[in-house]
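Per-chain numbering from 1; labels A, B, C and D assigned in written order.
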C-alpha cells in the first residue's frame, strides 16, 4: 500500500506540503496505552523547522490533533489512531516557476512522468520532508511503548560534510561498552535544541560546514548513526522480513537517504571472517555475542546486542544557485533558480525522524513476533 | 508474508538446505510467455557451487522442475508457477556438533531463540545461501521478460577484500557514457565461468585475496555493483514503495548483505548540492538527467538514467578455525570448529543473485505501474 | 491491515462514533480526476440520518473535508486522499449504563474481551454504523470514475421484514432484459429521499413494517439487492481474489450484514445443472452469456453480464425494550434498557453503503487487472 | 496475492488439474508441531474422488509429499512448509473440443478473456476442484493444532436438492444444546466413507437426488452447514478483518460456492431485534450468550458461542447433455457436449474442504490475535 509502512503496526501517511493538512493513521497499537502528549510534542519539536541558525526560517506550529483512536479517558482503544497536522504559513507562489521546469535532484520530473500534470508540485507535494512530521508523531508513540519495555533508541549526526562525530561504542557488547554507550546516548539527548552529537566539539565543525554551504548558496550532505539497546534476541523473520529488510525499506522512506549499512557494513567487504564473526559468551546465565560487528542482527533476527546502523543522506536538492533544467511544456533547455526557504542541510532535522522510523519498525516486528510462538512447542 | 518478495509479481521461497527440496512459487507473471529454459539453467549455473577453485567442492545438479503454471504448450498460463529443486548430496553429519553450539556470525543462535529446538539447523536451514537458487530461477524469468522490453541488468564484483574492479560508467548519462556502460556490461557477461569483473586484471587480484583467506582457514568479504539500463522514467511509488525501498528490502534478503547505497551513496555525505544535483537536458526530444549521481532514482521513482547501486557483503561466517561459542544445552563456554565444505568467499556466487533480485524487484514495480495510470487523465 | 479494504485501490477507515472525527485515507486513485463534490454530498446524503420518519432523529452535517490528495486545481494528484468528517451532536451520557453491561446483539462484549476496558464503548465506537459515512465518501468517488467507464451500480431494498420489492431483471442477459434493468435502476434513483425500491408500492408496506417495529420498541431486518452493469468480462482473479471473495469480504464490513449470495445463490442448492448453467451466445460479434444465473461471475471472474448479489441484514440490535445481560464488573445478571436514538431499521440507510462498497471493490479489482496483462502475449 | 489465503498463517495454492503437480506453501505455522500424517491422509481421503457410487470414477493417489518445513525429527521448524501432490491419471484428450468452445457454467470463457489463449483449459486448469486437495492438506494440519486447543470443526450436508438433513443444534448456547451439538458432530464423523449427514436417513434421500440427476445426464446443487466449537471470545478484527469477512473471502475460494450466511443469516431479514438479539448470561463465572442467532460472531469478533455458518453450492457445471455455446475462434454458435468423468454433485466432496478452509481461517485469525494484546494494559 502506497505511503504505508508496517505489517502488524502500520502507519499510513497522507498529505502534501501545501495541502490542507498532513497526517497519518496508525493501526495495530496495543490498547490501554496513555500517550504522553508532552513527550510527543517535545519529540516532534526536534525535527521542526526554524529552531536554529542552521535551519529554514519557515516556522510552523506543527501541532498534531488526534481525531480518533482514543477512548473517553484518552487511552488507546485498539482501533485506528488518526492524527492531522494543519498546514499553515505556506507560500505557494515560490513554486510557480518550477511547475514546468523540474528542479535538479528533486522528484518533480519523476512525479510528472508518473502522474502527469495533475501531480502536486507545490513544496515537493507528497515528497516533501514535511511528511516526516507525522512519522515523528507516530514514532514518538512507538518510542514510548518501547521505552516501557526497556528499549532505548538514539541517533546522532555521525558526519556533516567532512566534520565527523565520535561513533557509538556499539561494536563491543560487554558491560563496560554498554555502560559507555548509555552515557553517549544520554549525552546526545541533552542536545535537543542544538545539533545531535555525542562529542560536543563536533558540533562546531558541523555548523561550520553548514554555514560554508549556506554562504555559497549551496547545501551539504551527511550521515546519521542510530542504535537501539535493550531489545530481546529473536525479533525479525527470515529472508525478506528480517530487521535489515524492514529497517532498510522504511528508512529509505525518509527523503534524502541514499545508503544504509548495518554493523560494520561496507567495512566488512575488507574484513576476514575471523575478524568479523562475533564470538558468543555466557553472561548472567545467557548466551550473548561478545562483540557486535553484526550490528545486532544475524539472519535478519536480533541477537540481543545493540542494533546498529548508519545512513547516508544527500545534500539538500533545493539550492538557490542557477541550475540547468528543461522546460517540460516546450521541451527546451531552461535555467532554473530555486527560491523559497530551504535548509542548507536537511541531515540535522532528520535525526529524530530516523529514531521515529526505527522505533516503528522495531515495534512492528516485535508485535509480529508472538504469532510465531503462539501454540509453539519448545 | 514470510520469505516472500513482491507486491504484484510475488516470489514465495521455501525449503531448507537439507530438506527434501527447495523451490518457489511465482505469482503475477504475464501469461503467454515462453520461458527459455536453457537460458534459465545457464543463469542458474552462474551461482551453482563447484565451478572453480574458489568455490565449495559440493556439487549439485540444481535442476529446477516446473510443476505448475505452464499450459500444454509450455507457455505461462497466468496462474502460479511453482518450481522445485531437489536437494541431493547433503551431508548432515557435518552439522552434528553445532546443533547446540551456535556458529559465530550465523543465524543459528537467533533461530534457536525464535523457534526453539525444532528449528532446522542442518546446513543453515532456511537461512542457507542455497535458498538463493530458487531466487535465481525466478530472476532468470524476470530477466527474460525485461530483456524483451529493452532492459539490461548486470552486476560485477566491485571488490573482494582490497582487490577492486573498475566501476560502472554510470555516473554520467550521455550517449558516450551509455555506450561505454554497454561495453562494460558485455565484458562482464563473457566471464560467466570465471569471476564477474569488468577489468579482467582485477580477477587475478581477487583470486589472490580468496586464496589467501582459504589458506589461512579464513574467509573474505566484498562488494557487488549492479546496474539496470533501458528502464523508462516513472517506475516506483512514493515513501515506502520507491525503488530504493523495494530494492533494499529485497537485496537484504540475500544472505550476507550488510549495506547498500544508491548512486553516489555514502559519498554524498561529503558532497555539496551543486555537485550532486543532476541537471536535466533535452535529448531526442525528451527530458533526461545529464549526470546520474542519483543512481537513476529520485523520490523513489526511476528517472530513466541507469539505475545504479552497490552492496557490501560480509566474509563467509563458516570458517574452519576454532571459534569461541556457547553450549546452549549447558549454557557454558564451548570452542567450536566448523567442518564441512564452505566457500572462503560467498561474494563471487552472489553476483547473479543480485541480478535476479534486481530483475524481480524492477518487474514487480513495473507491473504495479499501470494501475496508477488506468483511467488517468493527463 | 485492520479497517482497510482493497489491494490496489485501498480505503483505510478511522474513527469512532464519539471521537473527534471519523474519516478515511484513499490510496491508489488515478491522477487527474476532478471530483464532483456536489455528487459526493448528494450520495452521502442518502445514508445520512434524520431524513424521514423511519430514521433516527440524530442530525449530522456529515460534511466531508478533503485534507490531502488534490493539487492546486482540485484534481486528484496520485497520492493519498484523506478525508475527515467531524463528529458533532454526540450525547455520550446515553451510553453510561452500558459501559459494563454489554448490549445484546452488539459488539460491546467482544470488544471488551479483545481490548479490555479501554475499548471505546460510546456509540458503538469503531463498530458504529456511522463509520459507513467515510465509505460512502470514498464510494461516491469510485462511482464517478466507474460511471465514466460506462459502469452503473444500483441497490434497492429487496425486503424489509415480510414486505418485498420486485427483484432486478438480471437473471436474463438479453437486450430486452438489460433495457428493463436500466429502467428499474432509473426508477430507484428517483427515490433518493424516500425508500430505495423498484416498485413504489412496496415502499408503503415496508414503512408499515418499520412503523410496527418502532411502536413495539423493537426493530426489523431486511435484504438489499445490488447490481452492476457495464463491466467488461475478465475482472477478478482466481481462488481467493475473485469478485465473490472481494465483494463478500468487503460487504461483511458493513455493520449488520449476515449473509450474501451471488446470482441465484441459495436457490442453486435446489437446481439442476441444466437449469443453472448459462448458455453462451453471440451478440454483436462477441460471446456473452444468454442467461445470468451466475450473477455475472464465473470462477471469480466477471462474465460481462450484470453482476448481481443479495445480502441479508439483521434487525437493529439497539432496541429500547428491557433485555437480559451481564454486569461485567461484578459478573452477575443485569437487566438492560438501551436508551438513545436508534433506527428501528438500519437496512434503509445501508442501501447507498452497499453501492459504495461495491463500487470500491469493483474499481479495486479493475485497477489490479492491467498488471496481469502488461507484456502479455495473446 | 493471487491464490493465497491468510494474513499471519498463509496458504499459497499452486497447480492446475493437468500440470505436473499441485500443492501449497504454508507460512506462519508454529514451530515444534509433530504433524500426524495418518490423520492428514485420512482427512484428505474424505474429499478424494472415486469412493462411492455418487462420485467420479477418476481415482487418484493424492499422496502429499512434504518437501520443506520440517526439521530432522519431522517437527515443524518455523519456516515455510511446502507440499506437492503429483497429478496422475489425467486424460487431456477429454478436453480437446472445449478448447475453443467455453463450457456453460465454467470459468473457461472468463479465463480466456483474462489471460488469452495461453490459459490452461485442461480439466479446468487452476479453477479445478482438484485444487482443493492442497487446501485439505493444509486444513488437516490446522485442524490438528486447533484440536489441541480444544476447538472442534465439523460440517455436514444440510441439503442436496430437496433432500434435507437435520440442522446443527447451534442456535442455543446452553450446556444441554452444546452436549447435543457434540453428539451431532460425533455422528457425522462416523460417516466418513458415506455422505456427511447428521441424520442417517437423510443420506438415502440425498443419494436419490444425486442418482436422479446422474440418470438424467444432469447434476444437482446443495448446501453445507459448518460449526466450530471451543473457540475463545475475542478472535477477529473490526470492519474488513472480522471472522465473517475472513471466512466469506476464503470459503468463496472453494469452487461452486455461491452464497454464505452466518447464524440465522437470511432468516434475520424477517426477524425482529427482540427475537434475534442473543441475551447474555453468567455461566461458570463467565459472560456467555444464552442463544446464538448471531452464529458466534458479533462485530466480526467471536463471542465464544459456536461459530455457525451455511453455504450454498451450485450444481456441477459439467453435464453431458448438449449445451449451447460459442466457438471463440470463429465467434459463431456451437453446440457442446462435455465428456469425461464428472461428479453429478460436487457438494458431497466439498464437506471436508469447508472444514479445512474454516480451520485455516480461524487459526489465521487466532494467530493474529496476540499482536493486539502484546504490551496491552487491561
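The rule is simple: contacts are C-beta pairs under 8 Å (C-beta built on N, C-alpha and C of every residue); 3 or more make two chains touch, one makes a residue touch a chain.
Note that the coordinates shown come from a computational prediction; the quantities given were computed from them, not determined experimentally.
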| item | value |
| --- | --- |
| Chains in simultaneous contact with chain C and chain D | A, B |
| Pair sharing more residue contacts (C-beta pairs) when A-C is set against A-B | A-B |
| Most distant chain from chain D, judged by the mean position of its C-alpha atoms | A |
| Where chain B and chain C are represented by their mean Cα positions, the distance between them in whole Å | 45 |
| Separation of chain A from chain C, taking each centre as the mean of its C-alpha atoms, in whole Å | 39 |
| Inter-centroid spacing, chain B versus chain A (mean Cα positions, whole Å) | 26 |
| Per-residue overlap in chain C, given as positions that touch at least 2 other chains | 1-4, 13, 28, 31-32, 75, 78-79, 111, 114-118, 126, 238, 369, 372-373, 376-378 |
| Interfacial residue positions of chain C with respect to chain D in the complex | 1-5, 13, 102, 104-107, 109-111, 113-118, 126-127, 131, 159-162, 213, 216, 218-223, 233-234, 236-242, 244-246, 248-250, 252-253, 255, 257-282, 285-287, 289-290, 294-295, 298-304, 312-319, 321, 323-326, 328, 331-333, 347, 369, 372-373, 376-378 |
| Chain A residues touching chain D - in the complex, by the definition given at the top | 8, 28, 30-33, 75, 78-79, 145, 148-149, 238, 366-378 |
| Chain D contact footprint on chain B (complex, rising order) | 1-4, 10, 12-16, 18-23, 25, 27-28, 31-32, 65-73, 75-82, 84, 92, 111, 114-122, 125-126 |
